[in-house]
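Letters A, B, C and D name the chains as they come in the text, with residue numbers starting at 1 for each one.
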Amino acid sequence: MKADKNGVLSGSHVLSGNQACAEGALAAGCRFLGLYPIVPSIEISERFLERAPQVGATFIQMEDEVSALAAVLGASWTGKKSMTVTSGPGLSLMMEHLGLGVMLETPCVIADIQGVGPGLGLPTHPAQGDMMQARWGSHGDYEIVALAPSSPQEMFDYTIKAFNFSERYRIPVAIMSDAHVARLKETVLIPPADQINVEPRRYYEGAKDSYLPFKRDKDFVPRMVDIGQGYRFHVTGLTHDDRGYPIMFEECQEYNVHPLVWKIRQAADKIVEVQETDTDEADVVVVSYGATSRAALKAIKQARDSGIKVGSLKLVTVWPFPEKRVAELAKRARAFVVPEMNCGQVVLEVERNTYGEANVFFVPHGDNGVEHTEDILSAIKQASQTNVAKSGIIELA
Amino acid sequence: MEALRTDSKQEIHPMENLLRMDRMPHIWCPTCGIGIAVTAFTAALEKAKIDPNTVSIVSGIGCTGRVAGYVKLDSFHTTHGRPIAFATGIKVASPKTKVVVFSGDGDLIAIGGNHFIHAARRNIDMLVVCVNNFIYAMTGGQVAPTTPLAAYATTSPYGCVEPPFNIPYLADSSGAVYVARWTTLHVRRLTNSLTEALQKKGFAVVEAISPCGMYYSRINRLGDGLDMMRFYHDNVEIRHGEDTKNLDIGFQTKIICGKFVDRERPSYMERYNQWLSDVKTAGRRSGGQRGSRK
Amino acid sequence: MKANPKDVLTGIYYIDGDVASGYGALAAGCKFVAGYPITPSTEAFEAVCRRGPQVGAVFIQMEDELGSISAIVGAAWSGVKTMTITSGPGYSLMQECIGFGAMLETPFVLLNIQRGGPSTGVPTKTGQADIMQSRWGSHGDYELIALAPDSPQEMFDYTIKAFNLAEKYRCPVMIMSDECVGHMTEKVVIPEADGIEVEPRRLYTGPAEDYLPFKPEPDLVPKMAKAGDGLRLYITGLVHDERGYPVEDSAYKSKYVRRLVDKIRLNRNNIIELREEGTDDADVIVVSYGISSRVAVKGVEIAREKGIKVGTLRLVTVWPFPDDRMSELAKKARAFVVPEINYGQVVYDVARCAHGDANVVLVPHGGAGVHNPNDIADAIEMAVREEKKIEGLVEFKTRLQKSVFEGGFKLKE
Amino acid sequence: MNSIISALNKGIEAAGVDRKRISITSDIPFEPEAVRSLGVDYFQTPRGRAIAFGTGLKLGNPSLKVIPVVGDLMTLGGNHFVHGGRRNMELLVICVNNFVYKKIAGIPAPSTQATFSPYSTFEEPFNFPHLGNSCGAVYTARWTALHTKELAASVSEALHKRGLSMIEVLAPGPNYYRRIDVVESELLQFYFENSVVKNNEDPRNAAITGDDKIIVGKFTDKERPTFIDSYNVQHTKILGDKFTPHGPASEKQKVSGGKNG
């Protein structure tokens, strides 16, 4: 399906990452924003609010993040594509409803602009400390999709992608950006509406009285209906059967929750997206995502200039993690270098998927914030010179 | 139970079109008043002549939280304390939907207290039915913010030390446009109030008092369901229009019921639409100012 | 320091895990408990409510879990040992303040009785699917300690240990129990007070004007103070310096957050507690924690009867994770079998530490029940027979899965 | 913000409370210098949790005087406020109402005044004194940043109240979070022109509507047993000698506790 012309501001604009995210949402057909303001995600709301009257989108500023995501889930069942925007502490408050979104299989998008944590941290400084939280932060078993844009253009593109994934698989999708990308102003090309592919909601089309809200298609994804159509369906956060009625047995738990996990795991090959350059003959592969990949690309270029065979694996989707691709590369490359703006999160996944076939070097958050090109460069150099297989992650001081 | 089920197949329940008969029997205990409140609600829905297809009902967690599962409307059983927030999303995204929040006191007033006062302040157009059973019943009888002073509960084994909320006063002072309180003895009056509240524009709150027969009455040795009904009969005073600040409930004291607030305030959507048309006519009046900010 | 005899209910009892944990908290000197009722953890809070007032411990039932956790962080800074009690959804709500507590280096204990999830899930039945959440649930970088007891006796013992670890490392400590252990009634022996070692708070005793609330000692843990002592504390959840004042300096921020992480990572060998049995010459090692480890015992028994050399490794502290020991064992054993009541959480860390040296088999369970020991035995057998190295997790197909998805199983009404 | 701190300073001085015993919990960042000048303990909590945090402090050590200073107009913390009032937890809540979130100007906040929002705001604000009064606060007052003397007097009075006191202060937010939407002097000018003192006014008439003048003054001053009082009384009644009353027992508790126990 093509995008609704109404929401697409086609043309070339100079936008900040945050603004691009709002534009992406409107282009993807998002018509409801539930928000609670928090630095540094505010510009998304501001842009959305400014444009909302022109596009016919609604919004509400709720009393906290807990209710902001609750409202978004409610709005999604009215047939409107919905999103919320937040940052670290807000994301923590949303964790309970992330689980509800998973359980009710409600499509929605959560944009998280990461600042330094934990606690109140340093809201205005970029970090990537919520990556694991996006995957593991709510109680119980679930899988979600998380995207990590590294530029305003990607903020726009990935936001659309996020809405598409959320509609396709009926899950909450997280856009894991950070304060750096959010503030960065760059040229963003917004294509004409007819060049933007938008995933329509997967509506149920059969007879009214035989509708079952959680009857799964072959790909484990159930069909949805809007409220007010006379289906009079019931959905619950309790473990439920196809009808959406709570049944609390071991068997039903298996029947209900296993597909929640499997609908993503078995489609992982379709969802996972990476951008690779020169990985095939590389000695060292730099795995990066989001803002760090900007610094990584610079370091890679410098390393290449000094004659090191280095490739780049940039994660578009951090979750699901590109397990197979990393395992493949591990057999060929000598080492991975993983720069992150945290104390080691995604690097654990890299380590797991190397199966001892390649060393893993971790470049933690440098003192210079985003710009730690030099640290990455020295890690690449060290990685290319280390011949012995080391056990565990080698962390650069 | 088996006999009951066979009967329900043979005879048509008068509210069959509004109840999920395939979910019967329900989970509520004997002596529980939630069923009465549900019946009153379904009757009110018919009386108010609202198309059931346009009604969404949202519940939270707890005994009353299960109501959504038994009412045959578009029904949502959400997380603890958040039904009002969830319902706000539905109402704002789809203003033509009639939204009803049906939940318990612990859900709406304890953990959901913030959403309750803020939705009342915004005057979101919805009906909130709060079944007040004086306790957290689903989890086994813990003290609630509605438990009368000195009453026993499992987490107040030596008597409740916190004074309870006066729900109508809280609703009134936060800005609700319709506030009424009845007990489950007053089925007809409760139904009438719900009918009125359903037709009201704005945030309407109806409190239905129905102390939990299992965990409140028993622990406090107040007898069974019939004794509770007798108690209401003897101790309820109906005072319409009473100042909401006089509506405190003590331990086994007089309960004042009635319709206390019925006023007009612009609802959230009215204000929103007003704003929308202002914006569209006036344009973005502060655009320049905002643009200059870094 | 020894426990205060007044706090300890010495004797032999037949109580459930929740209650044992409540008694353990009081025995450890806990003087403030804030809670909010949530199945299946209420019994622990009820136990504190009954006994607390008799030993001078105050309790409050807050309006929600957000309030409970904020209150106990506050209480910890007023100088008392403190705890909150919750389960799945409540735990999710607490995430923000757990990170806040970690940032303030606040000692407190959080008892999480896990249930079937996600969302409301199955409140009355068991699960182990919050275990990754206890490590990663709050935003930003932090490390904390999580214990997984497997019996009411351990609920008592490890609640005391949790308080001791919290005071020692000034960090939040999670007791990641589950509904099965919480509602399991067994004999619990509560020793005499002088048989219980409790860690006192590491209070600062020097002159007030020299006090720096976040100046680390050699083990990276700073001395604590309490409100009302005239130290003019300035405590903030923002990134702060040793004085506690907020800093905007990005050089400092990496150093500071780093110490929060390092004080656990570098002390890990003092924190980690494992129970190993027959791991040295085992072909297959069963890695488990909490209730799963009790079910695994039976599975191991069955496998051993078939002549398979099985070792068991029980994670008593799940976090920090015993990376080194796991890598060491991977070199010796052919495979790990990990039964957990979720669709794969701790198994990821086992696989990570195996570094391809051993295969890793997950025996999943969705929750609302425990494993069938025969599944664990079969998984062990499968693992021992597999000669080649397998990349990726091997997910064992349990009897339950087969019956639900293949056996023409009909859900009961 | 400075006016609030100086009023707090004067109020604490006048109340004669030992500064060592005072803890400020706040979700608004205070300058470290300001805290030093006050000579109190200060805790910055996550947004909205100042009252809950203060509840813990107070119950952990009942001899403390806890002053939660709440910004963000109590949106996230509204629940803690109403429940604190109901319990009558002994806290002095200072609610800083700066009409718009200075931090995040442009987005409507619960008490946003039409005048200061980029679009005319459509949400009606809370009437905080009325809300406080209705959920059981023993002391409610409202002042603007201009009424420094009255504010200080209120602080000193409220510090001696047993129970939850609430003072709403209409004041510009902390400097470094302010955006350009409002010029501080304009705001002060606005307070000057638009406020009227009406002590003992029924708080339900004290709504800030935007049409009428802002009513400031002291609205509520009553007595109710505090949480710790009821906790001690009830437990002494049932448990008798087995129960040690919590915190410094007042004369009143001893009398009522002894009678029943």
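Everything below uses one rule, namely that contacts are C-beta pairs under 8 Å (C-beta built on N, C-alpha and C of every residue); 3 or more make two chains touch, one makes a residue touch a chain.
Each chain and its UniProt protein: A = 2-oxoglutarate ferredoxin oxidoreductase subunit alpha.
This structure is a prediction, so every number in the text was calculated from the model and none was measured.
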Chain pair with more C-beta contacts, C-D versus B-D: C-D
Distance from subunit D to subunit B - Cα centre to Cα centre, in angstrom: 30
Centroid distance [mean C-alpha coordinates] between subunit C and subunit B, Å: 38
Where subunit A and subunit D are represented by their mean Cα positions, the distance between them in whole Å: 40
Shared-contact residues (touching 2 or more other chains) in subunit A: 46, 63-64, 66, 89, 96, 100, 104, 119-120, 236-238
Interface hub residues of subunit D, defined as touching at least two other chains: 44, 46, 75-76, 78-79, 83, 106, 110, 119, 123, 227, 231, 235, 239
Junction residues of subunit B - those touching two or more other chains: 77, 79, 110-111, 113-114, 118, 145, 158, 272, 279, 284, 290
Arrangement of touching chains [line / ring / star / complete / other]: complete
Subunit B-facing residues of subunit D, complex: 75-79, 82-83, 86-88, 106, 110, 118-127, 130-131, 133-136, 179-181, 204, 224, 227, 230-231, 233-235, 237-239
Contact footprint of subunit B on subunit A as seen in their complex: 31-32, 34, 46, 50, 53, 58-60, 62-64, 66-68, 70-80, 82, 96-97, 100, 104, 227-238, 243, 245-246
In the complex with subunit A, residue positions of subunit C that touch it: 66, 88-89, 91-93, 95-96, 99-104, 114, 116-125, 127, 129-130, 132-133, 135-142, 236-239, 248, 250-251, 253-255, 257-258, 260-261, 323-324, 327, 342-343, 345, 348-349, 351-357, 365-369, 389, 391-392, 400-401, 403-405, 409, 411-412
In the complex, subunit A residues that touch subunit D: 35-39, 42, 45-46, 49, 61, 63-65, 89, 119-120
For the subunit C and subunit B complex, residues of the former touching the latter: 35-39, 42, 45-46, 49-50, 53, 59, 61, 63-65, 89, 119-120
